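Have a look at the structure below before the remarks.
For reference, chains read A, B, C and D in written order, and residue numbers begin at 1 within each chain.
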């Protein structure tokens, strides 16, 4: 049977590889880093049901392990086209079709200098907070319990200043999830979410938002934090406007969590040129069309799965994983 | 020194300083009516408001300010409300808006 | 990380042969500063800096108050550059932050809209018959001092440390908004963490204070304080900064713009008179220096030479801490020993201290 | 024949304290009554009402006729206790007169006559028989009372009042009085013979089965126990629910003299509050209890809290004021007025500076003899507005629109919340507005506005009509012809229209002309409340929905196609509770105007 190469060992790549294998194709799964799982490896639990990320990932990894998919770790792809993939080591692998599942890059909060990420102690990103949850220990840099936590939505998304015009759609619901988790860990703490718009797009998300307000008394302030600066007692003073009252607002918080968005990978440009496929204005790969061909690229034999084409939730990514298997089967038959 | 007539005064900042605001009253209000916290600020109440139709009274803004600890003038503003009940019919979050008016007036009568 | 963001915003500053454009208002706010700058560069560093009597104000005060139209200010700026090239210089140095902002703005306007440059050439020729050439490098005087901060440190008579305990003085540095907030690329360290004054302080032994309202405006803004109706906002801005820095008990404030240094200084008087509130560690108010005065002190100049007696907040407590020898009695004697008058006592300076000097007169 | 024995002391103390307390209470209440009410009282005393009053006292206080209407067994229980005891006292008094002639006998002499009369030789079997019959009659009541405490459903009451300690003490004392009397009299018969069919037989049985020393030993204590039971009950009575026994009497006369509670709390209310026997009949009709499980705000608990000055806002505000409990209250207490004037006492703050923005306001439009005050809620049901417009056009009526684009609310919702003085300002404004545009008829679509226009506004020269009445009149005058294909409809009686203003038939007249009317199970006087009542500022949104759902189930049960009501608030609430289409009366009329 034909050989299919899946680039990217995240949840999208693994799901695509599994489904392709199930259809009898000979599958090679290339992963740049040393282990499979991609970003989901770093998450603690997933919205909206707080299922543990390890559980979702464990299942996939187990399936991949006991299937005979050829997995090659630390295999970085330099270029590819519809019939072959060239690795950094110079090796060229021939194949019938290529599935690109290299996902996204987290926006580097350092670029938003005014929030002081990397400069002040307790300014962290949602990924760092998720890391803390995973290690089971959430605390300030000096080890104390936070009494007041602020979440800032839309860091590196919907922001002309950092040329990220698109909405990464999952950081809002992540912000609400993490706010609830913080409130559960520190019931006596005050949690403030600063937002421009709250976008609860998926099933059960709006209910989670409402539960956050009603049973966890989380304050949602409509206004974008302009800057953060250190106070004399080591906390952070943040300034925003409470646009619903039209008044500027200032407060000091113990911890500022920046909900960073999803950015396209830096090597997208290079890879796209090599493969002769177009990129969308926001730097993600542009699928053939948004409806029938959302997992295929305009070029025959090159397919996409997961967040490579746009920010997506894990549910959607898994759907695309199996959708791409159909597309490839139809193409190769 | 004779009192100097400066001809101007240092303008008071309009900022809501959450650190220095005494949030005890707003916590009491939220404890007694937690559903107020689920307000998403859509403004349907203010839009349909009978008193708001005749004055600058803005129910949504007043209770949001109270929740931030800005109690100044909240009682006088809420006194403009005629308690006609239109807002309660419209609130997408099902908040007992008339109850909020009465609660804020009871809690903030002395500010 | 702060160092990383400073390295992103480097600037090439010329080493010598500067054409000096004075400020129109710094003379009467801090009279000694501009003279000190010239002395430091010429006498101490031996640099060639030309103080051309023919150059005029950049009319920025009018431009920002909507009195002077854009074409007029472009023509005046062009005339300055013409004087510079006629005097044979290529590196333009401005003493005032606002005019530094004006020159940067006009240069980038000419770049972006070349037709405006052409029209300015015609206007200049019609008005004065001169031709002008754009300067090779444009810098603010604090950039120059920053550029030579190591040389100055080498010649320093004293460092910014407490003469008794030796621990570094806590210094609040405030950068004029027109320096880096309008064109972040044109300021050392960018707009978030400007380093031009911080660099001087650190190389001369002081310690920078990072207080929450560090980036807030001092409230100078022409249309803010010129119109009495808005003056309340102007004071409120300074008060917000002073309130925010108070817990850090800074020893003095250094600023690189005529407005900021004057306002942070003078408004302490107004706030003290109005609210009876002073901000210094011992309740005497925080002295405000210009970077030239600070450099002068470090190089051992006499404070009264630097014109520090004109400050609103008395600098004596700071001078004592720095161990600067000064003659209190000659505080109010002018250049030729003439008595230049003594200001009334002010709450911010606490009359008790004032009383001691009266005995001598 | 001496009429004093040590055991009479508790009884005497009880009786003295009872009458002193009650008289003191009544006198102080009347003394603190507003002057106008006292004038009404004086004028009423010597009028025919007093005679009719006596008749009602007998029917109500003794026979408890109204309770019979709720449940015969419950009625019998109350009657047996009240009427039976009354007769016991009267016949007991006749007995002593019969035996001793008109010689002055102290009170305890009558009550404990059997104890004192052991010496009398000749015997009057008639009295023995009657007294025993009456005792049996009362004992049957007491037995029923015990039964009700454990299984109230048998007496037609799903729920009964949860009494606090004071009431339980008085309650148990009352229940021991008559059994104690039976034991005491039977013992007397056992030792000295005599007694009727009941006491006599028990006495003889005792004499034969129990040896004499025990009887002698028990004799004195039994009378002591009887006297103590009476004493405790009489002492506790004025401070417990049984104050109702005496207070209902003046209440009946006051009601006949038209002395009803006002919007401001006054000592007149005390007659009504203390006339509440906390029987718990007002618990079952309350929907807060039935659907929402809220069981501490009903009228019985509200009156109790108010009487003992423990009334909290959370209880006072949590009432739909739908009037269902007031309709079944056997004592006829004006529960809604009392609820409203206690809210007034808790929340009313006279404030001169309030509603200054009313000055010079006039948002009305159009000109005409007929003024149409839609009502704030109707502005949120535009189909009603549109239909009324069609109806006015169809009959060629030029109409003055009072509040089409906003205006000032009628004032009743604010008054219901207790801020009476501020509400008066709104009413004053609207009244002047009506007179300014000199309308002769005022039509409104909202029963809440209708009730306040009729009760508070005193609009002399302006006839106030609900739009159902107005449409009915148009039909009767033949100005409006309607065809009859409205289909099968069911009708909901808004509380403020039905129980509030007594308008039941006008809407039905219109509906029967337009379609076929199917009545739901609860209709007319005991129709349910839709849950959206403005009087309740405590229950949440979900609770209001549940009330609407239970009510809508009955509409669906009628099998009708549409639900029709004549109140915008009810229309909105019902629409949430059912999938059936909900229409206002004016809509269905507008759809069937015969062109």
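Just so it is clear, a residue touches a chain if its C-beta (ideal position, glycine included) is under 8 Å from a C-beta of that chain, and two chains touch if they have at least 3 such contacts.
Here the structure is a predicted model, which means the values were calculated and not measured.
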Note: of the two pairs B-D and A-B, more contacts are counted for B-D
Using mean CA coordinates as chain centres, what's the gap between subunit A and subunit B in Å? 39
CA centroids of subunit A and subunit D: separation to the nearest Å works out as 65
Counting in whole Å, what is the centre-to-centre distance of subunit A and subunit C, each centre being its mean C-alpha position? 47
Please output the residue numbers of subunit A that touch at least 2 other chains, ranges allowed. none
I need the residues of subunit B touching at least two other chains; which ones are they? 13, 35
Touching pairs of chains, which are they? A-B, A-C, B-C, B-D
Complex contact set, residues of subunit B against subunit D: 35, 48, 50-51, 53-55, 79-80, 82-86, 89-91, 94-96, 98-99, 102, 106
Provide the residue numbers of subunit A that touch subunit B in the complex, in ascending order. 198, 210, 213-215, 217-220, 222, 239, 242, 244-252
Residue positions on subunit C within touch of subunit A in the complex are 1-2, 5, 190, 192-193, 210-215, 247-248
Interface residues, subunit B side, partner subunit C - complex: 1, 4, 6-13
With touch defined as at the start, can you tell me which subunit D residues reach subunit B in the complex? 313, 317, 347, 351, 354-355, 357, 361, 363, 376-377, 379-380, 405-409, 411, 413-414, 417, 419, 422, 426, 532, 534, 537-542, 569, 572
